[in-house]
Amino acid sequence: MTDAASAPLNAWDRVKLARHPERPHTLAYLSELSPRFVELHGDRSFGDDLALIGGIADFDGIAVMVLGHQKGGNTKENIARNFGMARPEGYRKAERLMRHAEKFRMPVVSLIDTPGAEPGIGSEERGQGTAIAESLLTMADLAVPTVALVIGEGGSGGALAIGVSDRILMMENAIYAVASPEACAAILWKDAGKAPEAAETMRITAADLLGLGLIDEIVPEPVSADEAPREAIAAAGAAIGRHLRELLQEFPLDDPAAMRRLKDERYQRFRRIGAWREDAAVLAGIANGVLP
Amino acid sequence: MPAMREFLSRRGKFRPKGREDETGAPQIPDDLWTKCPSCGDIIYTKELERSGQVCPKCDHHFRLRARERIELLTDEDSFYEWDIALRGQDPLRFVDGGGSYAKKLEQTREKSGEDEALITGSATIAGHRCALAVADFGFLGASMGSVFGEKLVRAIERAADARVPIITMNASGGARMHEGLLSLMQMAKTVAALARLGDAGVPHVAVLTDPCYGGVTASYATVADIVMAEPGALIGFAGPRVIEQITKQKLPEGFQTAEFLLAHGMIDMIVPRAELRERLADILALYQLAETVSHGSIVGTREVGAGRD
Amino acid sequence: MTDAASAPLNAWDRVKLARHPERPHTLAYLSELSPRFVELHGDRSFGDDLALIGGIADFDGIAVMVLGHQKGGNTKENIARNFGMARPEGYRKAERLMRHAEKFRMPVVSLIDTPGAEPGIGSEERGQGTAIAESLLTMADLAVPTVALVIGEGGSGGALAIGVSDRILMMENAIYAVASPEACAAILWKDAGKAPEAAETMRITAADLLGLGLIDEIVPEPVSADEAPREAIAAAGAAIGRHLRELLQEFPLDDPAAMRRLKDERYQRFRRIGAWREDAAVLAGIANGVLP
Amino acid sequence: MPAMREFLSRRGKFRPKGREDETGAPQIPDDLWTKCPSCGDIIYTKELERSGQVCPKCDHHFRLRARERIELLTDEDSFYEWDIALRGQDPLRFVDGGGSYAKKLEQTREKSGEDEALITGSATIAGHRCALAVADFGFLGASMGSVFGEKLVRAIERAADARVPIITMNASGGARMHEGLLSLMQMAKTVAALARLGDAGVPHVAVLTDPCYGGVTASYATVADIVMAEPGALIGFAGPRVIEQITKQKLPEGFQTAEFLLAHGMIDMIVPRAELRERLADILALYQLAETVSHGSIVGTREVGAGRD
């Protein structure tokens, strides 16, 4: 996998790297980056989801609430962690911890790494859609600075649920997509085997998304994170720390006006997203009070 | 009230497109008779039209196009459409087996008679002013792309400014794949607009209709202040076939129906199409009353036994 | 049951009246008192509890959020309504609707009528204690006026969960108790048959509780509500309406300072409750820096 | 900081009562050997004392009296008790088969060596100042009566004023029946005080210990910002016998244990007694750090690889 140095990687290569079993997951980041992490469990209404974890960490002298999808390092762990696919109780835990962070004025750091929210009977019974939507709503309105880093797979709504952040970063070999390339290929090509083509046209790599203005920064992986996890984590920690400090400087936590500005800037950030044009002839027609 | 003036002035001044404008894929065959997909009964098409496309025998609610819903719901000539100049782009230069997204958008506009999958505007319902955002399943399965999101957010912002409730009528087959992550981000964008609407204390009432899946269910539609659904509508996050494939389990009877969601606490009520207008009018009246009382004016006087019995 | 007119009723008589099967329940009050009621369902995470209902009502020209326990009028209804014993999802629905009321500045009216929260395996699994506690917390901090009326049985924490109100009223033949007389007798007398004695000494009647300063007003039932439901309901409606108007006058909904005062007065109301004394000798000892 | 001064000044100036003061019903027989009720092993009593009353073989956590918990948890000589003059009353003139509540209170004070079921005060844990409220199951099953509620609320108010976290260590067998509705209302009273503590942004950490039932579980203890429990502690709303009687169902294995609550999402963590002090110190340090950072001061500098591995 040292192709990175020689030939440019295509989107499908990145997909494989983003899913690489040796790639470090959230707990590896925490153990490397925080000397003090207190994990908090449970949604207070149904269960505790091990696929989406959270807790308070001392991150370089800042008390932050960390939220992150957690994949396993082997099959047994992956079964316990549901392959990083969170259930409604995971998103409800995340929402609870976001409110905790707001109450005690802790910035929120999200580490995104999921194939997507779990599709399952129980998840539908307990309102997977509603749980994700409520997490989005809470996060959009949170009165503390928030930084998200996609460390592996950023899979659809299940990823975004903890990613409505003031700064959005991606590891160089991470991906972030509206659907898995396989699902996209199955729907639009009627052939899941066309996933590599789908991956390309979907624009899911860090470079693509930086180009589209959807993310703020790429954390370089000169050697991919599965091969050099500590180096990748250190670079990620440095980037997150820099953004946190910038945000805390610009938006002092104890200044209500700054928190309103922060929320306003976050709103504008997402408000702008999209590609559209306005048909000049129609606009002229409206202005003149007649249809074009 | 400058906010209210803007709320009204942004309309395009023209009558709404009628059903006769729709050239493509009508839900209802133009024959004399229509077969109900639920009970199999053969129904006189005119009768179906009179009932708002509800099977008189089994109560099956046929899917409706957005403009049909608007017509059924709003006071006559009260609907003023917003943002009719907005057009989709092909920001990713997306190409699948069938060609480019740009071409597909063009074809869909021709075929569906609509410019996008969401129609927004202002209207009155039994005299109560509201903002409306109605999804059109006939336009690329009402997938939420950039224009969908932008139109919805503009409608929410106008509702917030004018302090007028917004009613969304929702359907969706899933994400607009062709717009990639831009499509996913519309979930955050629309919900963020609702967060501000909520801070302003303006209500959002969502009506979930068949089918309602994916990003719409996981964003703005389910965080409404009141969530209602049409009888029998299928509503979920993941599609039933995906769940069946992945879990290898047989899905329970009635899985993901409106009735299933009600039993699981996800929606406030199921409202038959025939009662929707009246129910929404009741709700709008109650929110209006709350607004009036909160500004210090109480109109009622206690009359003992003035109840409904 | 027209003894009321002739001889004074004892506590156990009131228990029987409060539980009388013909006594009107929450929906009867709503149908009599509100020309427009929109019931809202569900806790948005697990289920809809038919034993604790709620919705927006036009109550004499005021839009209010009504919450109430709902018993059935017959066995079949009682099974559907779980005899008015709410589950965690009932209290979570109540909490959701309280926040709805606060958001849209609607006063909250609670109609209390429950033997208690359901004791059951599922209820424990889904956190009956936590759900009640969260309902108490939300209600204690609500920035809208709140009025509670005990219409039948006020049974323990399951009743209080929707009763942390600015005004607390009781129907003349309602009871309000920390535990059922039967449970109290079983524990303290080791004999559930001593329930009538327990009922007496527990001070659970409206008159007792008015005397203890725990409630604000008794709604008279010249004829008990099971025999004259419409009259009882009309009297209840008049009392609730009067308290609502007083509260709205004293605490205008659109005045943030008034809402802070309202919350402060509510806090002081509950803050005061209890019976204690301070030992003068110990106090003197503390003042002098030595133990008494 | 006048608030902090008051926080400290309200203490009674005397050393905490030691275990030797307890005259009645000691949990641990004063013999050389103690039998573990969980594994049946015979343990050298002195060893049990050294382990904080945890069975060295099966990890069973014996119940502790409040002062034993305070001794195990706090820095030496750091505990200053509050409100030692508060005494219960008999407001209902409650009489059961055994006599009056007034008499029962008197007897219980004699037997237990405590004046009430809750002991409050200020202390430091590994140098971190906090308020403490510790329930004593040996006093009428740590039922929450008026004095319990009043002491707790005073402690919460002092914690809010001084902006110092409060740690509650909770156990309870249920309501204080003898105080009737006054007892029930302590649920509202204590939770209302916590609502204000929360508005002030001051944390509450609750430790649930065996057994913890009824009003305490349904009020202040479970709405803490962080809820922890001792291993194996039984925690619930309704007692297991009541549930079994009413439902006629066999209770599932491990029902209402701390481990059951963790799996069902109700608590944040299970902390063995031996680790409690350290874990609380960590949490207090993190909240302290948050407070410092929120006032604009960041002390750390990024050192790559400064982690725990």
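First chain written, first letter: the chains are A, B, C and D, and each begins at residue 1.
Quick note on the criterion: a residue touches a chain if its C-beta (ideal position, glycine included) is under 8 Å from a C-beta of that chain, and two chains touch if they have at least 3 such contacts.
Note that the coordinates shown come from a computational prediction; the quantities given were computed from them, not determined experimentally.
Novice: Shared touching chains for chain B and chain C?
Specialist: Expected: A.
Novice: Would you mind pulling out the distance in Å between where the CA atoms of chain A average out and where those of chain B do?
Specialist: So the centre of chain A lies 28 Å away from the centre of chain B.
Novice: Measuring centre to centre with CA averages, how many angstrom lie between chain B and chain D?
Specialist: One centre to the other, that is 51 Å.
Novice: Between chain A and chain D, what is the gap in Å from one C-alpha centre to the other?
Specialist: 39
Novice: Give me the residues of chain D that touch two or more other chains.
Specialist: Residues 198, 264-266 of chain D each touch two or more of the other chains.
Novice: Can you list the chain A residues in contact with two or more other chains?
Specialist: 44-46, 126-127, 130, 134
Novice: Which pairs of chains touch each other?
Specialist: A-B, A-C, A-D, B-C, C-D
Novice: Quick one: which bits of chain D touch chain C in the complex? Just the residue numbers, please.
Specialist: 12-14, 84-98, 145-147, 149-150, 153, 174-189, 191-196, 198-199, 214-215, 217-223, 235-239, 242-243, 246-247, 249, 251-252, 255-256, 260-261, 264-266
Novice: Which of the residues in chain A come into contact with chain C in the complex?
Specialist: 44-46, 88, 92, 126-127, 130-131, 134
Novice: Can you list the chain C residues touching chain B in their complex?
Specialist: 31-48, 56-58, 60-63, 89, 93, 100, 103-106, 230, 234, 237-238, 241, 245, 248, 252-254
Novice: Please output the residues of chain D touching chain A within their complex, sorted ascending.
Specialist: 198, 201, 203, 225-226, 262-269, 279, 282-283, 285-287, 289-291, 293-296, 298-309
Novice: Which stretch or stretches of chain A touch chain B in the complex?
Specialist: 117, 119-121, 123-130, 132-134, 136-137, 140-141, 156-157, 160-161, 163-164, 176-179, 184, 187-191, 194, 198, 201-204, 209, 212, 214, 266-267, 270-271, 273-280, 282-283, 285-286, 289-291
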